[in-house]
């Protein structure tokens, strides 16, 4: 085997090992949810059980924490999408030094440790006598999640043809109509992706939530505290459910994506066929039209 | 400003400007400033606020600088976060290169999906997974003992090992994606041209691929370092006696001592650390802040 | 007066750069008017001023006698057809066409009916439900026109719409556009750098260079009676003889060039002593074996013959080595010219014109 093929093989082996490295611990963790052992483990195997799922279902505090998490996540999506979209449009409309400066300030929260964001949010709103709680966690999370939304929307905005805005204006649309019917629809993919990312980033956030939640429970912090105090495989049960959800989500996305790709390909092929037909002389066109019965 | 008004009309311009303004002022800039302000004031009981003792001073910072334990922990945090960053870089680079240049294009989205599953599952579950795997009676020891590599079970979570392993696993994907983006933008023909001219593989990487992917590498290093140094759950979950992390001290000040002033000083130190690191990376790799984006 | 488009001494400055220089013209309602000129001559800027995306630095745009200053594009009775067409990619063909109606609050049925009507007008009866990416170049063109016509504008502005199409399609669309204009009687203001297009489609043409309107007239006037060197050279082919005017009387004169003295018409602003150029069209030149009395002539040698079907292009060279083109009608009865034959190129005085330089751009 020559050097080139050998290196290709090596890198494929490496990729394989990496994927195993990424997924194996999750599998282990998930399988441990089914093991009838008080301490989460897969070895020694003490038999299949679903009691941890039952315990999970009965854990009221966990359910309450989960609903809080969802509540915050939805609020974060509702706030960060408009902010991020507006920020992307703003940045796209300015140039030069101001643009770079603005961009720097907007990206800063992503590069800031969650603890810092959490504590500073707590202190700032404390000035206005706003106590710690779910709403404070929402605001703290929005500070960096808006930046993610902004980046996604901005990238999509770069592919927008400004002539479309002008054409719409020219045809009589008001500014609001142009935004609503031309620009926002173009941004839907980015807004959709942004909403998804915002939701999940919010749900899994720990550091900011820890400092801002006050006495309320959220899923991540509750799990964190449970893990440190008294571990039972209920956590694994939760993990297994989340993993299963994620995998199902990933597979669905993949299937939809492949289907869209195929549809796109068919459309282009049809168009190419139409164009060839259009350049044929009249007689050929009518002949094939009658032949295909159209 | 006038261009924005012209392009969008007054109502929309209002939104486009005020939403980001609220975000950047109320959720980013002002909170950091308040954080700094708090850090310069001593902790006082409520009745003494605004009184003669409520003055600015660096007392809280002195608390840090006069505590050998805290200083030691700070430097260990920096050191091990840097080690984690380097390990992540070494692990991610080949995979990023593979995904960007070697793998067949229609396989890439699928591979991405698989890699994204651990990311969606959330930070806390990623660290918990390793907790299960590395536990004394856990599967790793069982596996290694079973195939005869070790005689007695190894206490994996000792010193900083557990923390490092956990951090690498939890944050390696944040190194992978920026580097992938950067390498992807490189024109494959450049690599082929270098091969054509007879350059060996390592040379091609050193002279062609790596220089081009510097923004991605810088971006990845910044993210991983920031996440590691600021990580709370991983070091606490995979802790062993003697592996205290700096964020743990911040927590102690904020929650156990309820001393928000000293806590904010320590948090500010963490912020300074990350800012210094970002600036260092920018100088080292000669990239601008605008390049550090997803 | 009704719905005429008037540019009243309009200038447009971008900083120190004057893109449009004191253009003053009235385009009559129902006219097909073209602005013709090379890239950068200011024609696109004029179009954007008429449509309302920019306001002139000086002067005013009036439509139907009303000043348009400060009136935004969505309030003007104009519609612009962009060079890249700017069809809305996320909407179907009929939704594109009826967009103007939908933003005015028309209900779906009315919109669809109007779209169908216009699709028949532009000869695309089955295209209503198609997506934009399914359309070919020529089809997109027609949808863009249908979309513009749907809002029943008084003035249609077209920004080099045919430049992206291939030759056959371009020629086909030329006659289509002209037919549509005649049928709807909408004022068409068309900009292009292609003189063939401008001459073929327009009622009147305005030739522009460096922001200045050099000449306005019917296609015949522009072609047969250009007023300066720029217009003469931009439109059609020429043989050019630089020199100095040594005699002038009643619009005719004599110009002394290094090729000899020639009698010809004098263009505007050309007087005794002016340094100018003589322009003669190839198709108004002829080749004769022997000298002709009274005419202007130049001894040349035949270098190359290009047979173009209905005419023959003869490339000749004079004793100084300069090349001149003569265009002859194809007469199958005549013996073809031999290469290398020594002939005399000549033209009638009325077929040559001496012209001065183009008007230059003034400073902002």
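Order of writing sets the chain letters: A, B and C. Residues in each chain are counted from 1.
Criterion: a contact is a pair of C-beta atoms (placed from the backbone, for glycine too) under 8 Å apart; a residue touches a chain by one contact, two chains touch by 3 or more.
This is a predicted model, so every value here is computed, not measured.
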Practice problem: Please give the intersection of the contact partners of subunit B with those of subunit C. | Solution: A
Practice problem: Could you name the chain whose Cα mean is nearest to the mean of all protein Cα atoms here? | Solution: A
Practice problem: Between A-C and A-B, name the chain pair that shares the greater number of C-beta pairs in contact. | Solution: A-B
Exercise. Using mean Cα positions as chain centres, tell me which chain lies farthest from subunit A.
Key: C
Practice problem: Just give me the whole-number Å value for how far the CA centre of subunit B lies from that of subunit C. | Solution: 62
Quiz item: Roughly how many whole angstrom separate the Cα centroids of subunit A and subunit C?
Solution: 54
Practice problem: With chain centres taken as the means of their Cα atoms, state the distance from subunit A to subunit B in Å. | Solution: 19
Quiz item: At which residue positions does subunit C touch at least two other chains?
Solution: none
Practice problem: Can you tell me which residues of subunit A touch two or more of the remaining chains? | Solution: 174
Quiz item: What are the residue numbers in subunit B that touch two or more other chains?
Solution: none
Self-check item: In the complex, subunit B residues that touch subunit A
Solution: 3-4, 7-9, 11-12, 15-17, 19-20, 22-24, 26-32, 34-35, 38, 91, 94-95, 97-98, 102-103, 109-111, 113-118, 120-126, 128-133, 135, 137-139, 142, 169, 201, 222-223, 226-227, 229-233, 236-237, 247, 250-251, 254, 260, 263-264, 267-268, 270-271, 274, 278, 288-290, 292-294
Quiz item: Of all residues in subunit C, which touch subunit A in the complex?
Solution: 51-53, 72-74, 78-80, 82, 84, 86, 88, 90, 99-100, 103-104, 131, 133-136, 138, 147-148, 151
Exercise. Using the touch definition up top, name the residues of subunit A that touch subunit C in the complex.
Key: 161, 163-164, 166-174, 177, 181-182, 185-186, 267-268, 270-271, 274-275, 278
Quiz item: Which bits of subunit A are touching subunit B when the two form their complex?
Solution: 3, 7-8, 11-12, 14-15, 18-19, 21-26, 28-29, 32, 39-43, 82-83, 86-87, 89-90, 93-94, 100, 103-109, 111-117, 119-124, 127, 139-140, 142-143, 146, 148, 151, 165, 174-176, 179, 200, 203-204, 206-207, 210-211, 220, 223-224, 227-228, 235-236, 239, 242-243, 246-247, 249-250, 253-254, 257
